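Everything on this sheet refers to the single structure shown next.
Chain IDs A, B, C and D follow the sequence of writing; residue 1 opens each chain.
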Amino acid sequence: MIKVLFFARLREQLSTDSLQILASENMTTELIRQQLANTDDLWAKVMSADSLLVAVNQQITDWSHSVNAGDEVAFFPPVTGG
Amino acid sequence: MIKVLFFARLREQLSTDSLQILASENMTTELIRQQLANTDDLWAKVMSADSLLVAVNQQITDWSHSVNAGDEVAFFPPVTGG
Amino acid sequence: MINVQQNDFIVADEYQKLADDNQDGAVVTFVGKVRDFNEGLGVQGLSLEHYPGMTEKVLSEIEAEARDHWPLNKVTIIHRVGDLTLGEQIVFIGVTSPHRRAAFAACEFLIDFLKTKAPFWKKELTSEGSKWLEAKASDSKISQQWSTKLTN
Amino acid sequence: MINVQQNDFIVADEYQKLADDNQDGAVVTFVGKVRDFNEGLGVQGLSLEHYPGMTEKVLSEIEAEARDHWPLNKVTIIHRVGDLTLGEQIVFIGVTSPHRRAAFAACEFLIDFLKTKAPFWKKELTSEGSKWLEAKASDSKISQQWSTKLTN
């Protein structure tokens, strides 16, 4: 399984802070994004935002990063702390 | 009269923290410096230091600044606070 | 020292912990507070969310990067999460060094990178409801300027 | 607020006075302390002399110049004079602003100019006697860099 987390505006828009998805061969951050976007119109809209960021195992990365079973993948908007 | 002040290393080298000199026509910071340098060898040496700074009425200035009766003239080395 | 916490911090205590080393000539601190931010909407407070685990990891990496660039002795980074009211303290950055330029540069670097790299999100609570803050282009520009400056 | 004083200052109190305004998102402070300076001579302390009257005047001018360049709210400058031992606090600069960049820049500007313009002189007390410190060329270079940066 892959643990998927959502934060801030995404968490609110999707009414979801985490879910589990099945790992498959040759999985990438982009493929997970697309898989989630296919859920419905709301998910499609939220997951296609230009500003969307993704982290794998708590490290920000790009959309071609490979993802394996046991990984933690997080989606969130640009950060605004400080 | 013109009040003349000495600070820090100068004050110690000259064993003097202040003195009064008579104001005269067309007096400048440079003329006061020369007048003091004429006192003796010690004063000549101290008052000819390249790094010597001068302030008139508590404002750093140059060696052509005119000085009048009632002014306060101070000589000191480069500052080292903070 | 890196802390992500709900509780307020006391600047006096943090300063004291930073300042007890005679090798350090310079102590620079930055405190960021909840203020009436952008558009004059009557901000009443903020709600701060973060990504537990990743936040601490990113802050450690930023600290390590600062230590690579400048001779630092102590570094303290504290960031609060949860609900904060107007005027409350959000973030404390404290840095000590033998050299004041290093202390200033590192302190500013740390807050600049915290703002663009650490997974915190601010939601503004105004009299007209709540609203997630947008990331500022000026902040990412500042981070980029650092990267340019430090690699040249 | 500008103070030239023999007594020590308490950073917590100075911070508190700076930090009570909700308009200010940023508070930056600098503290300079007596450290084992230059040549490893076993510094035991410093004696700090100043030019009473002129010092306060120069510090006011530097503060006014900072306020010309940056949007500042509160500014505190405290400098001690007299005999100080190793590890004691010498100088406090505190600045508040709505903007963190302004607060950092102004705080650094103030200490940089204090170091090259304000009539203070340090005498180092070492195990081998006392010695007036020489002004550092690096410090006047830093002031010159500010002048270039701010007039461009």
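Everything below uses one rule, namely that contacts are C-beta pairs under 8 Å (C-beta built on N, C-alpha and C of every residue); 3 or more make two chains touch, one makes a residue touch a chain.
Please read these numbers as outputs of a predicted model, since none were measured by experiment.
Undergrad: Would you mind naming the chains that touch chain B and likewise touch chain C?
TA: Joint contacts, listed by label: D.
Undergrad: If you average the Cα atoms of chain A and of chain D to get two centres, how far apart are those centres in Å?
TA: Centres of chain A and chain D (C-alpha means) sit 49 Å apart.
Undergrad: Between chain B and chain D, what is the separation of their C-alpha centroids in Å?
TA: Roughly 26 Å, centre to centre.
Undergrad: Hey, how far is the Cα centre of chain C from the one of chain D, in Å?
TA: Comparing mean C-alpha positions, chain D is 23 Å from chain C.
Undergrad: What are the residues of chain A that contact at least two other chains?
TA: There are none in chain A.
Undergrad: Spell out, as numbers or ranges, the residues of chain C touching 2 or more other chains.
TA: In chain C, the residues touching two or more other chains are 32, 111.
Undergrad: So with touch defined the way it is at the top, what topology do the chains form here? Options are line, ring, star, complete, other.
TA: If you draw each chain as a dot and join those that touch, you get an open line.
Undergrad: Would you please name all pairs of chains that touch?
TA: Going through each pair of chains, those in contact are A-C, B-D, C-D.
Undergrad: With touch defined as at the start, can you tell me which chain B residues reach chain D in the complex?
TA: Touching chain D: residues 5, 7-9, 11-12, 51, 55, 58-60, 74, 76-82 of chain B.
Undergrad: Note which residues of chain C are touching chain A in the complex, please.
TA: Those residues of chain C that touch chain A are 32, 48-51, 53-54, 57-58, 79, 90-91, 111, 114-123, 132-136.
Undergrad: Enumerate the contact residues on chain D facing chain C in the complex.
TA: Spelled out, the residues of chain D in touch with chain C are 11-12, 15, 19, 22-37, 86-87, 89, 98, 100-101, 103-104, 107-108, 111, 142.
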